[in-house]
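Letters A, B, C and D name the chains as they come in the text, with residue numbers starting at 1 for each one.
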Amino acid sequence: MMGIVVVNFKTYCEATGECAVRLAKICEKVSKSTKTDVIVAVQNVDLFHVSCSVSIPVYAEHIDAVKYGANTGKDLPEAIVDNGASGVLINHSEDRAGLSEIEDSIKRAKSVGLTTIVCAPTAKSSEAIAALGPDFIAVEPPELIGGDISVSKAKPGLISDTVKLVHAVDKRIPVLCGAGIKDSEDVRIAMKLGCRGILVASGVTKAKDPENALRDLIKGMANAAPKKKLIGNKRVKKKTAKKRK
Amino acid sequence: MMGIVVVNFKTYCEATGECAVRLAKICEKVSKSTKTDVIVAVQNVDLFHVSCSVSIPVYAEHIDAVKYGANTGKDLPEAIVDNGASGVLINHSEDRAGLSEIEDSIKRAKSVGLTTIVCAPTAKSSEAIAALGPDFIAVEPPELIGGDISVSKAKPGLISDTVKLVHAVDKRIPVLCGAGIKDSEDVRIAMKLGCRGILVASGVTKAKDPENALRDLIKGMANAAPKKKLIGNKRVKKKTAKKRK
Amino acid sequence: MMGIVVVNFKTYCEATGECAVRLAKICEKVSKSTKTDVIVAVQNVDLFHVSCSVSIPVYAEHIDAVKYGANTGKDLPEAIVDNGASGVLINHSEDRAGLSEIEDSIKRAKSVGLTTIVCAPTAKSSEAIAALGPDFIAVEPPELIGGDISVSKAKPGLISDTVKLVHAVDKRIPVLCGAGIKDSEDVRIAMKLGCRGILVASGVTKAKDPENALRDLIKGMANAAPKKKLIGNKRVKKKTAKKRK
Amino acid sequence: MMGIVVVNFKTYCEATGECAVRLAKICEKVSKSTKTDVIVAVQNVDLFHVSCSVSIPVYAEHIDAVKYGANTGKDLPEAIVDNGASGVLINHSEDRAGLSEIEDSIKRAKSVGLTTIVCAPTAKSSEAIAALGPDFIAVEPPELIGGDISVSKAKPGLISDTVKLVHAVDKRIPVLCGAGIKDSEDVRIAMKLGCRGILVASGVTKAKDPENALRDLIKGMANAAPKKKLIGNKRVKKKTAKKRK
């Protein structure tokens, strides 16, 4: 058991509709052969189709903290679960939320059994989020997202600060990091700095060979000697999506 | 050929997940037996499941005017189409959009073949929207939505003003109305005032017997003598959802 | 009597606080010596100080369509007026508003006697706004704002289309244009295409010599032969700000 | 030297324009005669007029974390300071901000010398905000704001939890509380539970006799035996507003 890789499909062409299903299957294959937790976060509209097609955890990219009722156009947590999601990204830098919205979203997600990965741009905001009790925190400096330099190489201090500040609030919250992560070396550094895994998007979805790209990233985890035993396994429910007709 | 009924599922419990599929099948049944266009607008996350299960048009409740790329948490128009939607609600009173956002959403929806129903709270804003070239305009006074008094009875002047102002801009844009519509009499009045159909939510989704409630609404259309021949048929593509495995 | 120049101070350093007062005085001087309507739109927080210091019209850059009550942090129309504003910019591309918000803002502005200039990025959205009854419409393609190429030279068709579409809805609404306007030639073209005036920001605020820059712009108006007699004079109330202690 | 009273003027009629000046003078009078720190938070548009008229600290109700440049309609921190503010309310329940926005606003406020009071609806979100280093935290349950039951009487546990959680992060951050506070007894309880002061709005602004209402609130502070010596004095700069012509 090693680290966790969350592949964020965003709205990339290579990761939408039928392509989302295909890419999720590649992630599933690599997850099984490397015995690594690989989670795919897909567009909410693709949740049902993808979750019917793979057995690795499928996360939503967004929820709204609303309840059953008159909320046209909103992403109801219960509907997200009904369609096969086992977790959700909250406050991604492309989808920023209010502080109260983050608090409410975590509460609502928990009430329906969704695992929460809350994103933050800085160490300070990661510390703030830790107080709200998310399952994971993913620190990502927005200016590096989608770029050529990884957070591991450009801002190692940000990662170690985040791990320190988050764990001062709650030692049980695993920290992920993301932004510009492209190869095993980037991952190795991140793990060494205290991360439990990574959040990656274009590094896999836009790679010429996504399978190899993903395998390479996971190599970086194997080489890292994790300081603490992983508790992620209990958090990331490897729920087998109920087969639907 | 008569009017059009759009049933907005919102995030009602009775219209989410498996219940959304069941309710859509009821709508399909009534649509066929009454030879009336019934459209269901469902939560985006439910689109795939519902559109695989019925042959009537299934609409999304929201789109974002984004393109393929890095847009975590957004509702990409192409993904909406991939998952079986043939149209979309824009600017619902529970999901208000900026003016530029409405313009961009209509453009993006058209570019992927989605029919657009743009909602407006007043006659003036309906006129404004008409300039942006939507397929349909649905006028709904927010204060009557979900209530006991129908727009037809409470504000007949609003409906006739909207029809007049919208048609002064573009005669080809059919006007729908909604808010508090509960029975055939409400519908009859709306059609007489120049509407081509209605937008209904709790009147069907929360009805003790949704099938009967829907049949009753449609009766109000039969009794109305439409002033002009319907062009709605060409707009509402009665596309048979490609059967998916 | 010629055209109208609206100088938008935005949050430029050269147009904030004491500098806003100094720049407004330059605008006042040029307005008087050229007998041209020059309006300054200043940060709301600078309204009182500026409006106490000049007699030309001072506009707010934003209002919220709220009423007296519990609205912490909002820009109450009555407070805007109390502090010396005689008009307001609505829906600027750096401050986009919802369609309903635009409608409500125009209504609230009128109720307190504020003249409204509603901005729009396209000809279609200008037409839409015309239906809502603003005092002026200012068309500005966002991609040219703050740039080196003027809307007049880059998109003359946009200007003439906007004038045509807006006047088809309501002939009495004067159209302004903006984005990248830098010299008298830019203005001359705009006026020839049917504009009643211009909306300018960095072209004046960031000019080495704002007074000369403004005089040069106004030269472009003198050279233009306006198709119709100006009604702008009655709209732009050249109210002398009540002298405050 | 006792506690701190922040009077939030919101957009109440009794606290707008000339009335804002009058009310601020009453607050100044009570502040001096009771030797209590009274801060008035006024509409941004009223800042200049009010800060020219009184010598007690005047706060803005909102800032935007923007810099000098092209930001039409925004509240530039430097402009807020130029117009006499010495502090600002952030994330009020009527003006919620994103988590990153709160972090950026605190940073920008500090950079221009503005004291920050960040509001929060719950103990957890107060703890989260503490990580971002504000000068004060004000906890206010939204459902009690403007109501007849005070937070002190309805939710004493919320206050003590907030004080405990905030001080576990940073002992130096004083906690204020607000919502429904009407009399000296409400204040006495709040101070006893660990608050350094209160945030009050309608309790003063809408009182028949605001001066007496404010005096009564301050009585509740005198009766409280503060657990720790106040550090608020250094934070609340009793800056004498530069007299302007």
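Here is the rule we go by: contacts are C-beta pairs under 8 Å (C-beta built on N, C-alpha and C of every residue); 3 or more make two chains touch, one makes a residue touch a chain.
This structure is a prediction, so every number in the text was calculated from the model and none was measured.
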### Query
Do the two copies chain B and chain C share over half of their interface residue numbers, or under half; same or different?
same
### Query
For chain C superposed on chain D via Cα atoms, how large is the rotation, as a multiple of 5°?
180
### Task
Report the inter-chain centroid distance for chain C and chain D in whole angstrom, where each centroid is the mean of the CA atoms.
35
## Note on the structure
Distance in whole angstrom between the CA centres of chain A and chain D is 38
### Message
For chain B versus chain D, what separation do you get between their C-alpha means, in angstrom?
### Response
46
### Message
Give me the residue numbers in chain A that touch at least two other chains, ranges are fine.
### Response
none
## Note on the structure
The answer for chain B against chain C in the complex is residues 91, 96-103, 120-122, 124-125, 127-133, 165, 169
### In the complex, chain B residues that touch chain A
8, 10-13, 16-18, 41, 43-49, 60-62, 66-76, 78-80, 82-83, 89, 92-95, 145-146, 201-202, 244
